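First the structure, in the form of structure tokens, and then the observations on it.
Just so it is clear, A, B, C and D label the chains in written order, and each chain counts residues from 1 on its own.
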Amino acid sequence: MNNYETQDNVEKTTAQSPYLYSRKSDNQQTTISLGSKVLGSEKVLFLAGPCSVESKQQMIDIAYELKEMGVTALRGGAYKPRTSPYSFQGHGEKALEWLAEVREKTGLAIVTEIMDPHLVPLFEQYVDVLQIGSRNMQNFVLLKSVGKSKLPVLLKRGMSSTIQEFLLASEYVLSQGNPNVILCERGIRTFENATRNTFDINAIPVLREKTHLPILADPSHGTGNSKYVLAVSRGAVAAGADGLLIEVHASPEEALSDGDQSITPQEFRKLVEEIGSIAHAVNRTI
Amino acid sequence: MNNYETQDNVEKTTAQSPYLYSRKSDNQQTTISLGSKVLGSEKVLFLAGPCSVESKQQMIDIAYELKEMGVTALRGGAYKPRTSPYSFQGHGEKALEWLAEVREKTGLAIVTEIMDPHLVPLFEQYVDVLQIGSRNMQNFVLLKSVGKSKLPVLLKRGMSSTIQEFLLASEYVLSQGNPNVILCERGIRTFENATRNTFDINAIPVLREKTHLPILADPSHGTGNSKYVLAVSRGAVAAGADGLLIEVHASPEEALSDGDQSITPQEFRKLVEEIGSIAHAVNRTI
Amino acid sequence: MNNYETQDNVEKTTAQSPYLYSRKSDNQQTTISLGSKVLGSEKVLFLAGPCSVESKQQMIDIAYELKEMGVTALRGGAYKPRTSPYSFQGHGEKALEWLAEVREKTGLAIVTEIMDPHLVPLFEQYVDVLQIGSRNMQNFVLLKSVGKSKLPVLLKRGMSSTIQEFLLASEYVLSQGNPNVILCERGIRTFENATRNTFDINAIPVLREKTHLPILADPSHGTGNSKYVLAVSRGAVAAGADGLLIEVHASPEEALSDGDQSITPQEFRKLVEEIGSIAHAVNRTI
Amino acid sequence: MNNYETQDNVEKTTAQSPYLYSRKSDNQQTTISLGSKVLGSEKVLFLAGPCSVESKQQMIDIAYELKEMGVTALRGGAYKPRTSPYSFQGHGEKALEWLAEVREKTGLAIVTEIMDPHLVPLFEQYVDVLQIGSRNMQNFVLLKSVGKSKLPVLLKRGMSSTIQEFLLASEYVLSQGNPNVILCERGIRTFENATRNTFDINAIPVLREKTHLPILADPSHGTGNSKYVLAVSRGAVAAGADGLLIEVHASPEEALSDGDQSITPQEFRKLVEEIGSIAHAVNRTI
């Protein structure tokens, strides 16, 4: 007995031909260009920014600040999946325009979440990476849709998805012809309530063994608490993550969403420095 | 610290005005017509059928058989969310046509899952109830889309969604103007592996206390094993469920999906009989 | 990969000889006398009482009241396992004496929790059933110790134990020569926080299939909330439980422990009545 | 609503006086001597050895080998908690004697699990650290018993215990007068089945914030798979662990228990080397 609806079919398929996500050799590694750097290389990359795009000026200010610290890609939500329909839902297309303008000014790559499969053409005008959020990890219509795009896809693990389900979700994208999928571990739902989620560090070596796709870590969602982001970031890179996705906000206590887990630019500067040491210890650079 | 992204906003909203799903009095109860019966009344309803629509003849045969046993609505998947992209994905629009033909012949209401928000108009031509599957419980684009339909929505609980998240997902539909939401408990994901999911019987009285929406139980997914469906069905109705959603297949071992948890028509006949006794014990009928 | 330390050994053993807990035929059923009734028979039994033994008079009063309503065994903690060392730890041996006096007066069987393996002889002087609490389900020294007693053992499922681990814990008792083990489902730990635990109703038919031991349900711990105890009690008996273990307190709001989940004698009277109807519906009596 | 039986009492106590485990200042740190080194200092310590003590010669051989690589304490089970009563239960007192002999020869500190509260005096004759296993984390009789010993206590987190419950379990020991408690994160039980447990890296900074007690990490149980032990060890030390508890076996495939998660001495040598680099990166040494 198991949790997979499709266990039988999955295994039959495996026997016939390996999955597109499967690592065929030790050296096989997908690399994806982000801004001026390459994810999946010996360099550990930083993707950072606020949870939500709140205003154009906010994004410009934080983007310059983050770029100077070595960040490669700016994250920020234009369309926000919120548990309640009455919570702030994001500034939508207007926010996409702002993000494109920030890219123009700073050269940072833009990563933002897409929820509607029919908005892929719109997003393609403005952004560099299509993010699929945890709640949509098994939204197969959306996965097939971004699988037909030329843009890389940042796929976040579902909050209660097994690693096998996570990999099979990436297969939905890959099988449509898009080879550029970034896997992002962002914490799973457990009984523990001292943290918002439990960052699954085990997933990093498990994914490394099973797939050639690059692996990001999101300690902001993985802990849900700015106090713990630094320690878990160090742990994730030490365990082998190719990059970090971090929520940074100039004034976390005023953020429209996720303020508890956002760190300040000052804290982020310290994080970059410490990650530099860890990267060095595992024979990488930042 | 908690699991809700929107805890603050949620609570602020609650303070200002109750949710549309909130029960305002002991007697308040939403009722929804299904075929010739009413869900949310003193009658316990049966919704049954195979996991996937496999052929027109299969659906006609099972529909007549189930109708004769007292079933109100026929379930069957035309578009199937499958963990692997290489598993059977459903017969799509053709299956919708077959389902409409079965409705024509038998008078059974048709319940089937919708995954693409842009297919609502197509589904409206063929079916009676739009089902939102567990994996899409927080697909907010889809929820808003079915919230604009005239058809009732059968919302399945996400496999690791809290009851509060489940209710807030229903609010996405209700807040778009569609008052007819059916909540379906279908088991949650836990560490236990003797069953596919853990049917959360506690959710039945919790939902009953918090909302006026009708409550279905799905012991097929809740257990994942045909051997346990009957006992858990009895338990769910004894605890207060308004109806049961049961996977029935003429030859479970040949089913294209979910064969392990499908019961045969003969077993279903026994189930209806036993549920009749339980319904009577809680002052209801079938 | 799985959660069982001993998977290999377990399976080898199974192949060689079935476990003592294993059901060998449909009719095989262990029965255990409790007071004037028999657990594991067609009668559904009630075991009830306060969480902690607070005073002799409290126990005498509640015992007479419960006996009159049809209760077979009185529960009450003399030694209390508490998460904090500074919480009330029970009245100890004095409480055992009070319990014995209540038995003398009322004829109710006495069920109470034992935590120290070396106190078995002391407990044997005063009580009828040795309860092993959830936190001690894999306290193998304690299990072996009660396995050498003549008294029946009420074994509560660990809060995150699989059903297989639960059965193997019973095997520790059985293999020491004590054939009288009562299995008690009391809810498992999940992500859901609307209830204290998630009552695992699936466990009832799974246990029924795998073992001949009698099965109790504890909806008080299974829900952690007095408002939901009645509905889940009905569900458990409908699903096949042989008896219910219910926390009843004359003034729940003043209870020294577990007040939130204790029901009043008035609520318990209603519960007995409703369970009578459910028992009848499943061809049993109370 | 929450999972703590004693929430009210816990909070009342907190208000009145902080717990003994509570960190009162940034610098407060309990240190514990182990062999020739000090746990809780700037040095990252290694505790290693086989799951079970299988023979005297096995222990002597591995002890010399591990000592030469920098290990401080030898672990090995004399009394084994096994899910099935028919699995190997350990060599008992004989194994304690062997361990004492190894200590004599090598100077390594001896860490071994105690399950019976009445065996404390026996263990005190032979070993240096009393280990409380996951299954006994809330065996309060045992906790009180080791709380009266002069030996340090290595307390493993329960497999589904919250961090708060873990800390309160340590309080049971501390409140009996024993100030030397070592907290060990060893993975928690989740839905994920690609690994035996989910190593909770978040727990490291959370514990660091809340307590002055030293923190060990056990990636062997935390992953359950020798392939992932190295990566998670690096992560744990990068996140701030004071030491590692690692299962090492000369021939894992022949181990009497836990062979899947045991690494070889050769793999351990590589681990020590890599941890040296990580320790350096976080301003520590090995």
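A few points about this structure:
We adopt the following convention: a contact is a pair of C-beta atoms (placed from the backbone, for glycine too) under 8 Å apart; a residue touches a chain by one contact, two chains touch by 3 or more.
Values in this document were obtained by computation on a predicted structure and should not be read as measured data.
With A-C and B-C as the two chain pairs, more C-beta contacts join B-C. The greatest centre-to-centre gap from subunit D, using C-alpha centroids, is found for B. In whole angstrom, the spacing between the mean C-alpha positions of subunit B and subunit C is 34.
We define each chain's centre as the mean of its Cα atoms; on that basis subunit A and subunit C are separated by 47 Å. Counting partner chains per residue, subunit C has residues 2-3, 160, 189-191, 193-195 touching two or more of them. Residues 2-3, 160, 162-164, 188, 190-195, 198-206, 208-209, 222-223, 227-228, 230-232, 234-240, 274, 277-278, 280-282 of subunit D are the ones touching subunit A in the complex. Contact residues of subunit A toward subunit B in the complex are 1-6, 9-10, 13, 81-88, 115-118, 135-136, 138-142, 144, 159-160, 165, 168, 171-172, 175, 189, 193-197, 224-225, 257-258.
Within the complex, the subunit A residues that touch subunit C are 160, 189-191, 193.
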